[in-house]
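Just passing along the structure, written as structure tokens.
Letters A, B, C, D, E, F, G and H mark the chains as written, and numbering starts fresh at 1 in each.
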Amino acid sequence: MAWTVYLSGEIHTDWREKIEQGASQRGLDIHFTSPVTDHAASDAAGDLLEPVSEGYWRDHKSSGVNAMRTRNLIGRCDFAVIRFGDKYRQWNAAFDAGMCAALGKPYVTLHDAALIHPLKEVDQAAQAWAQTPEQVVDILAYVIG
Amino acid sequence: MAWTVYLSGEIHTDWREKIEQGASQRGLDIHFTSPVTDHAASDAAGDLLEPVSEGYWRDHKSSGVNAMRTRNLIGRCDFAVIRFGDKYRQWNAAFDAGMCAALGKPYVTLHDAALIHPLKEVDQAAQAWAQTPEQVVDILAYVIG
Amino acid sequence: MAWTVYLSGEIHTDWREKIEQGASQRGLDIHFTSPVTDHAASDAAGDLLEPVSEGYWRDHKSSGVNAMRTRNLIGRCDFAVIRFGDKYRQWNAAFDAGMCAALGKPYVTLHDAALIHPLKEVDQAAQAWAQTPEQVVDILAYVIG
Amino acid sequence: MAWTVYLSGEIHTDWREKIEQGASQRGLDIHFTSPVTDHAASDAAGDLLEPVSEGYWRDHKSSGVNAMRTRNLIGRCDFAVIRFGDKYRQWNAAFDAGMCAALGKPYVTLHDAALIHPLKEVDQAAQAWAQTPEQVVDILAYVIG
Amino acid sequence: MAWTVYLSGEIHTDWREKIEQGASQRGLDIHFTSPVTDHAASDAAGDLLEPVSEGYWRDHKSSGVNAMRTRNLIGRCDFAVIRFGDKYRQWNAAFDAGMCAALGKPYVTLHDAALIHPLKEVDQAAQAWAQTPEQVVDILAYVIG
Amino acid sequence: MAWTVYLSGEIHTDWREKIEQGASQRGLDIHFTSPVTDHAASDAAGDLLEPVSEGYWRDHKSSGVNAMRTRNLIGRCDFAVIRFGDKYRQWNAAFDAGMCAALGKPYVTLHDAALIHPLKEVDQAAQAWAQTPEQVVDILAYVIG
Amino acid sequence: MAWTVYLSGEIHTDWREKIEQGASQRGLDIHFTSPVTDHAASDAAGDLLEPVSEGYWRDHKSSGVNAMRTRNLIGRCDFAVIRFGDKYRQWNAAFDAGMCAALGKPYVTLHDAALIHPLKEVDQAAQAWAQTPEQVVDILAYVIG
Amino acid sequence: MAWTVYLSGEIHTDWREKIEQGASQRGLDIHFTSPVTDHAASDAAGDLLEPVSEGYWRDHKSSGVNAMRTRNLIGRCDFAVIRFGDKYRQWNAAFDAGMCAALGKPYVTLHDAALIHPLKEVDQAAQAWAQTPEQVVDILAYVIG
């Protein structure tokens, strides 16, 4: 039985690669999906479309294009892993978590203990909280094993 | 025709009061709902239940109780207004926005221009972005007028 | 038993008034709802919000505000009446019809015989096609009688 | 990961072919679907069924048959592209857009700048607005890339 | 707590009146709803609309108008009672039962023992089978009591 | 693109075989599904389970087992064809049609002109009415072509 | 704002009365609903209907009637409280919890610490676990306050 | 046509193996899925995650992880078989049944006659009640045959 896992959130560390490698090493039948993780490309996703815009509307246009991908992949996943790093506001990750909760998609959060209190609502709706990619792989191995 | 508007997010300024007063002064037939906005009470919402817990589990227990209120009010509202202040991470506000988006509940964001870029995904799924409570009242007056 | 009927479409003739008066004269217990029908106000619905915009983005901003009203009223109605006049493209009326069809909201179309062929997909998904406001009132009186 | 994209709207120019060729040249794993694009065949879709009818009922009968295809393909697509040409009323395209919006299917509109104002409600609910088939291919390549 | 009960099916005997009177005598807080039960009026429900039609299309037009009422009332009821008499094919009653089953609306069937075998699929999806209006009233009194 | 078509209704003539053969001859990529069409086996579907029962409960038990199949196949089909013969009450076919209508599954009815009036509600919610298996095959060929 | 709370589970102690009295004393605007709590009446709910049955079918018939009430009240509640006592198997209470979880209805469990381990799946999907009716009232007062 | 059947409930006897072997011997095209059936592993499913916890929170953490698997498999199955043994409280099995009922997933219960009365609500919502794995295989063979 094949499984699809969406990896949402932080794009500045290699947590996705660690999870994908760990899953691969253990032979898990998982197809991982992600948003576009190239920050500059993501910010420019709508630049090829008119009207040429700066600021709010540039962000709006690119976010519309990115949402085509992210909502589709959330809708098609069996689970999500939602990662919060220690920098930036990462509201898009919390937004994805809220979508998962409303759609009944189970998700695991991945973050340091320092973020427990500000993430309490996001963690409460999660199935599990992990602190390392290795723990995520262990959980996935157990869950689909 | 009565309308119900859920006011999500920041609890450290008086934006809710300003919106409620503005709506009242203009005679709008709106019932406003909110999460519990007393920070200490919200953090302690589950303290009366066992097991007595600290840290992660205390937050988890309180968040479970608070979610009974917040998800119910989101489910029963016609619109939401989602406020992001300039302090704190406010992931719960972005989480509420994600739930609204998935449930098809229209929402307006309320935040300063300084937050445009980090909130671009949340704003893209919104019906409108306002910077002041007065703008929110103007929009509500137009929408339900 | 009270009924709510949404009146979508053309804003340049008095068809809404005729239906509302006809229903009132026959004592039908119907609450009618509508989009904002003041054309200039509707086009300017987002003008009070930044960024100040022209062209595409002005339309986008105003449409976002107007959709808060229209989707909400479509979601809360028991039926819709969707009117196509003989001028303008009126794609918003066909868009509303598509939303009604997908949401399972029964609707009646109201248009002249000259529009039968271009409206065939919209009419096929409708419960009935009427040519005059009087016919609509007759249908409503029968349906809720 | 395979993707399915529904191409709705105008049937008098070769925009579908351009998108399909562009996607093929870039090796995108997309299955494109469409309504029946032979105008005469589409109008006659129900002619083999009784009662033999002209005018309204002929259109009604054929539209019922065509809707078997179009609603099914909309329901099974990951995204839609909805094209408005500069001729005809094309209410069926706006109707499809409304269905997509209500079903949560992301869509891109494809039309000239001259149609911005009359299509503002349809564009507001879209994820992006493109003016050329090449832009659509670029967006698809980015989104599924 | 008020309850709404839809009374579907046979229109040639006084079973609706018996249930309504029985419920009234026992002081049950039930609002009963029904299709239009005047057979001739129901067959003519669309006659005021063009195209003037006979046979299949007349039936189609009237059924479209009647369905505005019946589907709405099914959607708004808490329960349905679905009556099968000993005459006529009454496929509309079985159709209503199928809609109730798919929508999760609990229903009671009301028919003679002679119809057990042909109604086995309809009865299996029902919450109860009654043979007399008095039994239906007893069940309603118990259920909402 | 593969399609699944559920063939509901009459089990005493060879209409299913005719449709399957016609589709096969035209090379249509359709997987046909059906209820169990062996009348005696269907009536006995629950006989192996206790309590050993006659009459109402035997029918109830067998219908429960049969519904496992029929509802599942209706839920998984792209379209249904619903056949009414000239004998028997065939309430299960009308029940299936009601389920399809509520679930948004497009269906075609297949019956003689003599049944137009009693089937008017079932036909109104259908996408098309056919009188012969050959017409059904023609429609399917057009729709998926 | 009025709230509706469904009280599911154990019928042999006075926990419902304690919650209702506590809520009343604190002036909470809550309408409480419950299954029929008279055990003998509940077991006999279908006895007035034929076929007269014993054992499995008697239970089946009565459960069908009771489910008309319970599923309706679960569907209409804002929250549920689900009580497990120290006697009997109470599978119906766990069944109600599963329905609530699938429907997105928040619920609180009410049971002694001795039942923590066997109820772990039911508690995990709950918003809170309480051990006394007084705690439930406190939680309700906080949540709707 | 492939089928997926979820086997929920008791983990202390070999009923799953018997069903899987029986289905295999008869060549049924069924993919069986199950919760993790190693009791100790299931209780420890969350032990690798912090906070290290005992009692209620340990159970809560492990149940969260297990629910990722169970709800996903329930959501993806065509049918469920829900087994109640003669020991333990097995509230999780009844909870799964409630989820199936709310989601419209047909299920068969598997239990001894001694449990008829306490399981009457669970059985009433089931499509069938079997007492032996052999009966389940017979039913599956019939249903998908």
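Note that in this section a contact is a pair of C-beta atoms (placed from the backbone, for glycine too) under 8 Å apart; a residue touches a chain by one contact, two chains touch by 3 or more.
Just so we're clear, the structure is a prediction, and the values are computed from it rather than from any experiment.
Both chain C and chain F are touched by D, E.
A rotation of 90° superposes the C-alpha trace of chain E on that of chain G, rounded to the nearest 5.
Interface comparison, A-B against C-E: more C-beta pairs in contact at A-B. The mean-CA centres of chain F and chain H are about 31 angstrom from one another, to the nearest whole unit.
Centroids of chain C and chain D (each the mean of its C-alpha atoms) stand 23 Å apart.
Centroids built from CA atoms put chain E at 40 Å from chain D. Within chain B, residues 50, 55-56, 64, 67, 104, 113, 129 each touch two or more of the remaining chains.
By the touch criterion given at the top, residues 50-51, 53, 55-57 of chain F touch chain G in their complex.
Of all the residues in chain E, the ones that touch chain G in their complex are 1, 78-79, 104, 106, 108, 113, 126-131, 135, 138-139, 142-145. The touching residues of chain C, counted against chain D in their complex, run 55-56, 59-60, 62-64, 66-67, 70, 84, 88-103, 113, 116-125, 129. Listed in rising order, the residues of chain E touching chain C in the complex are 31, 33, 36, 41, 45-46, 48-50, 61, 64-65, 67-69, 71-72, 75.
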